[in-house]
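Some notes on the structure that comes next.
Note that the chains take the letters A, B, C and D in the order they are written out, and that residue 1 is the start of every chain.
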Amino acid sequence: MGLINHVFNADSLKKLYPSNLGIGHTRYSTSGISELQNCQPFVVETLHGKIAVAHNGELTNAAQLRKKLMRHGVGLSTSSDSELITQLLAFTPPLENDDTADWVARIKNLMKETPTSYSLLIMHKDIIYAVRDPYGNRPLCIGRLIPVGDMNGKGKDNTETEGWVVSSESCSFLSIGAEYYREVLPGEIVKISRHDVQTLDVIRRPAGDPSAFCIFEYVYFARPDSIFEGQMVYSVRRRCGQQLAIEAPVEADLVSTVPESATPAALGYAQKCGLPYVEVLCKNRYVGRTFIQPNMRLRQLGVAKKFGVLSDNFKGKRVVIIDDSIVRGNTISPIIKLLRESGAKEVHIRVASPPIRFPCYMGINIPTKEELIANRPEFHDLANYIGADSVVYLSVEGLVSSVQESIKARQDNNPKTHKSFIGKLGHCTACLTGDYPVELEW
Amino acid sequence: MGLINHVFNADSLKKLYPSNLGIGHTRYSTSGISELQNCQPFVVETLHGKIAVAHNGELTNAAQLRKKLMRHGVGLSTSSDSELITQLLAFTPPLENDDTADWVARIKNLMKETPTSYSLLIMHKDIIYAVRDPYGNRPLCIGRLIPVGDMNGKGKDNTETEGWVVSSESCSFLSIGAEYYREVLPGEIVKISRHDVQTLDVIRRPAGDPSAFCIFEYVYFARPDSIFEGQMVYSVRRRCGQQLAIEAPVEADLVSTVPESATPAALGYAQKCGLPYVEVLCKNRYVGRTFIQPNMRLRQLGVAKKFGVLSDNFKGKRVVIIDDSIVRGNTISPIIKLLRESGAKEVHIRVASPPIRFPCYMGINIPTKEELIANRPEFHDLANYIGADSVVYLSVEGLVSSVQESIKARQDNNPKTHKSFIGKLGHCTACLTGDYPVELEW
Amino acid sequence: MGLINHVFNADSLKKLYPSNLGIGHTRYSTSGISELQNCQPFVVETLHGKIAVAHNGELTNAAQLRKKLMRHGVGLSTSSDSELITQLLAFTPPLENDDTADWVARIKNLMKETPTSYSLLIMHKDIIYAVRDPYGNRPLCIGRLIPVGDMNGKGKDNTETEGWVVSSESCSFLSIGAEYYREVLPGEIVKISRHDVQTLDVIRRPAGDPSAFCIFEYVYFARPDSIFEGQMVYSVRRRCGQQLAIEAPVEADLVSTVPESATPAALGYAQKCGLPYVEVLCKNRYVGRTFIQPNMRLRQLGVAKKFGVLSDNFKGKRVVIIDDSIVRGNTISPIIKLLRESGAKEVHIRVASPPIRFPCYMGINIPTKEELIANRPEFHDLANYIGADSVVYLSVEGLVSSVQESIKARQDNNPKTHKSFIGKLGHCTACLTGDYPVELEW
Amino acid sequence: MGLINHVFNADSLKKLYPSNLGIGHTRYSTSGISELQNCQPFVVETLHGKIAVAHNGELTNAAQLRKKLMRHGVGLSTSSDSELITQLLAFTPPLENDDTADWVARIKNLMKETPTSYSLLIMHKDIIYAVRDPYGNRPLCIGRLIPVGDMNGKGKDNTETEGWVVSSESCSFLSIGAEYYREVLPGEIVKISRHDVQTLDVIRRPAGDPSAFCIFEYVYFARPDSIFEGQMVYSVRRRCGQQLAIEAPVEADLVSTVPESATPAALGYAQKCGLPYVEVLCKNRYVGRTFIQPNMRLRQLGVAKKFGVLSDNFKGKRVVIIDDSIVRGNTISPIIKLLRESGAKEVHIRVASPPIRFPCYMGINIPTKEELIANRPEFHDLANYIGADSVVYLSVEGLVSSVQESIKARQDNNPKTHKSFIGKLGHCTACLTGDYPVELEW
């Protein structure tokens, strides 16, 4: 429980050093003690030794699977899918005469019982299994430690620096001296041992179902230097900005960003429009962490606490601000107010993703339907509500094509060897369209 | 995890206030994060709702029971008996068609599967079951909240102050405004609801087996004001001191104690011998908590850090020191040295319990056989080893008779109505004699 | 700021290890951040190097001295007497041509400016000066590290273990391997260097003024194994109990104590009366540290939270309870109630010190006059107010004679060599009698 | 001591709320307990009440002033200039007959005794004096709380929201609902009371000395949205980039930045050269805060831990990287290596400030002369040392003109009314040139 750098401090890390493999998962803690038992990995002792499971995602049929286990007399000590998955692996029949634990058979059995969404790391003795659900909804990729050549007279292949790492996002590899190797494919079961990465099986989706990688990883969650489906997130975001410039151009003097996540889209928009890219805000790194609560005065003033304003850069100008998404609408209003009070002549908002309208049941924390600005009456006159001269969102089609364009190009160029996307290409746009990749059971 | 007053601070208690029942268990933490999952109570969700289990003791056949559950496909997430007990309760067959959870039947089933040692609190919805194993190895007793009469015009029975409490030791009742009601009997299943305490069943021991309450609770663990088997611990300890005076008198000028646990025995010894009781040591409350580690100098000096010395009280005198037990022998040596250097003419040690020689498998943390002074060569010349003029332990018979004397008297006086000790009276003296109450399975 | 064992933890102690001398003072913190600057020692840089001052006591003419310094342009950064003393030492004229810092002359000058109360440690370079005010109001004594003989082939005098320690209470010496050497006399300036303890001067009181060591150190503050004025505190307390038995006997069955500070007096009282000494309460070590606040119920029940009750020891008996002092009267009431409800036939209270009636201006934290039970109307029928069958305090004369008896005997036996009490023997009884040792200036 | 949001938490702020004025200063703590006493403000009691002083800067003649005070018998409890300033204010003669504290006279006297560098806030009763040294070396500016109109029926002038704030940097005003009012001028003494800001006096520099505001505030320390001398820091930095493009152009495909401080200069450079501005790195927010220390492997790999790499943006391209300064040279090397390994064809470094060569004695923490890359042999072949294809710094003249250009333009336009820079305009470039604004005394 707690921040990573508090939990994995010098002392606790020292205890881990003699080890040579391990798994874990960083999750946002919501609140308090009750979450403690949901820490990952979940570890149980079975007849065949201990297994540990780290899980990213949310099982869409968790309720049915919990009941099934309880009906067999298994008490569940947490509300987490990690325990559920672990006990399902332990429980897998036939239990009689089960002298050898065929973990691969157990994993396949698990994958047949639940369609999505899960990226899993399962550790047993000296093996780690990396598994992605057949829809590929959550990301998972493999990296390889970069060998240090000529170290102490040893060659490039000296085993001390050999090893594999698995992560949701490839951006984590660089800072530990590893390099991107490849994605785990939708439905793939990969066995990782000291020297080897080996595909054991690939479980297919029902015929006709497209893959369903979460499109919001591209729009919002992932770091721009991460690679999904063969493309850098930064490039997708810039294409979204370019597409937005095509869909919703505006006569203005300059294009800017709400730092920092919308910057790639803003640069793409500016380039496509031929307008200069100019910074209008700088991050105020201090305010967000203080206990100085906004009092009545500050609320009345509508202060944009998180930002400083570079007024000399836009006084008397018509400004286009690119934002990556507008979820509740309460962040952009004070920014617009601030820009106007600091001298902006016009403020136009362009959003590099479509409006969010629906809940996610696959592991992403989205505000309730009522809180989403796109489901509220104010949405019909949004520019007025947030104080902008105009506001336009990217279309769903525009987003999907920005994401799929280069994947398709590569598939077309190289239909045989490009194995990354088995079956029909698709993306999960459920939060934007309400089209969920699998039927939801309750 | 942590100290009670850190865990149950003002904030965390506020969250508990609306509740009207709860269970828990305070255990010595040994070290670090790995123990976290052994915190009690253990809670699982079952088909019939959540159950929570708090457990004091250690199952002598835990290994077999764990294997049995794992053979049925239940993964065990901790090494604790609490989880084991909880999953055994959840698992109890017949599982098919088990539409109603007959918790009492499940508890009886559990008690048939494991003979000792356990005192349990099991919570389900608005009921708490209090259970003691058939040998009565671990203590468990019930208290009643003292009604506050004429409070705001309400009578003595006003329900707001009505309630029951259950504890290992009765000494805990007074400070929360409760009074001792009665012990849970060996093998008894008690159902506690808002208004009522009701015996549901009493599971018997195998014919001929005597009861086996841990005799070391009397000697060392319990607080002197606690009541077990109808008698105050303080009185038993004083009788041990008197018995020791009969078994091992000594010509001396005064009797004293190693504060504070041996004081009742010292007063009993002094009274029986007709010698004055005098204080020779006072507790040094500070030293034990500082980080000032004993350096080479202090170790060479053999400083008795925990105590101050009241030298004027015994200069030139022959001193008898009563100690409650000598486990490793490294505490008493510096005390004897200190008394001699401060002017004691002779120092005789009398120990108000027999030497510990055997491990405990029923939940008490005892040093390894090799560390126990009674199993070491130095034991043959112990007085010389610790620097005393003489040292004598209480006999096992002397201890047992000091403990059982008044229980037997009460049973003789009132054989019918005195229900507290069903079957043959006995005590577990395994750590002193090696006679374990049940056969140990490995 | 904080508890000693938090401040002086393993890390901070490591930084101190290379040092070979140091001073400090442990004070009760009252509350919050504002006290930080009052931490001791107070250190300033002067023309002649740094000096550090640790101070126990309270200057009776602090206000005048502060004004004097400020009139010379010295700003005072705290409200502490330590800074005041330090700046007075720095300021001492003549300042012109003051090429050598004559610290002894500065200390003497300081002592002429303020009569009491102060025990001081002043550190400058490799010298520590230990100073006690002429009235000897606060305690101060010197200990010597016990040499470890034949260590690594070195003799008893090997310098590595040589050294001196100074403390308010001699009880602190034992646990660090030191032994009591002697008291610092009233008015004495002692210079302590590596190998030597040397009296530099003794500043006398005005002719006729008796010494004025705080009598409450004997009654309440000091640990029983400490030595003041040549006698053990424990012995004085036992004599108070004996004297109380002479002044206020009672027909009863047993004598007991409010553990633990009143035990010496209780044993003295019991012995003088010929009544048995019996324990009726045991300390409840847990309750005081929890956050479980006494609610309305517990207050109504008047629970004596700090104690367990050993009811079998006094059921049906007439009990005399010896307490060391009754300040506010709110501690003893619930104890009496508890004893009665647990079966005591009569409860008589005997207090081994006189009632406190007056404030202390010499460094002791005493409740306000209004809070002191002896100044309240209830005092006239105190037995009734606290629920006792009778209550009697020790007389002031009885206390003074218990304290001075053996000092006078020693002085009579050895008028020449016994230097400890220069001039007329007296004790400060201001909180009991209102007679302050010096006239108070405001 | 500690982080602002730990020290000023909800509890400690609550205690401050009833107050209506206050001062403080945030300083980098170096290490440990010894710094505690250097916390600001420094507060002393004087004959005329308490004064509190917060100080930014470093007195160039501190050693002489400390000796002077100590010669008058004032002991100094810290090594801080804040205490020194405070005691100098308290001490100011004539002390005899000084019935009224003329604080303004005392401040003027202080300013005559020490030329630089200090920006001060001095609080006494309900007045705050804001003071800047005659050279204006450290910044200081005044803001005004923005009145909230029509609040609860009150007008724009309702006093509840009226007030003044003073800060080193104007960027702090926005987030508390204040707006920039004006700078405190070099040598100015400003009196701030509830309703009014009033210039009491302006102390002049010696004739001919130019003003000496720290040029590194523009280059590095200040936030880009801060305003000094009438211009936004961001604008100065962009001009430095433009000037750098004139001084050191390069044939390349794109211009980029080391995020984020060099971004304004990079945008200026790109615009002036006509090259596209492209992002090549993204900040890795996590690594810097973890306890995962760089081991031998990572050091051998030379991993640029703080950054992620946007390789698709520059593969096969010639890249110009703008950095704001190169101090030690150990940050830029791994970045260049990373860019090359990720596909950059050429990497040219352009530094938007001149090399640092000299220590600062006016309050800025600069590495020792030996650590500064510009003083080391490697500097002669710096491009090779850091692995760049070329490296060029901005000239001192280029920096000074970028800073002074628009100030001079304004002065020329409006010589009478523009009062901000009294006397001759200059800037402190001591760390770049060794020309200190005042002669240093030791």
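FYI, contacts are C-beta pairs under 8 Å (C-beta built on N, C-alpha and C of every residue); 3 or more make two chains touch, one makes a residue touch a chain.
For reference, the UniProt names are A, B, C, D = Amidophosphoribosyltransferase.
Fair warning: this is a prediction, and the values are worked out from it, not measured in the lab.
Minimum number of contact steps separating chain B from chain D: 2. At the chain B-chain C interface, residue numbers used by both copies make up over half of all numbers present, so the two copies contact each other through mostly the same positions. Using CA-based centroids throughout, the chain positioned farthest away from chain D is B.
Separating the CA-averaged centres of chain B and chain C is a span of 39 Å. Computed centre separation for the pair chain A/chain C is 65 angstrom, with centres defined by C-alpha atoms. Between chain C and chain D the centroid-to-centroid distance comes to 52 Å (mean Cα coordinates, whole Å). In chain D, no residue touches at least two other chains. Taken pairwise by the contact criterion, the protein chains form one closed cycle in which every chain touches exactly two others. Annotation, chain-chain contacts: A-B, A-D, B-C, C-D (touch as defined at the top). Within the complex formed with chain D, the residues of chain A that make contact are 4-5, 8-10, 13, 145-146, 148, 151, 161, 171, 174-177, 223-225, 231-232, 234-235, 260, 263-264, 267, 271, 276-279, 282-284, 286-287, 289-292, 297-298, 300-301, 303-305, 308-313, 338.
Across the interface of their complex, chain D is touched by residues 12, 33, 36, 42-47, 51, 66-67, 70-77, 79, 83, 86-87, 89-93, 95 of chain C.
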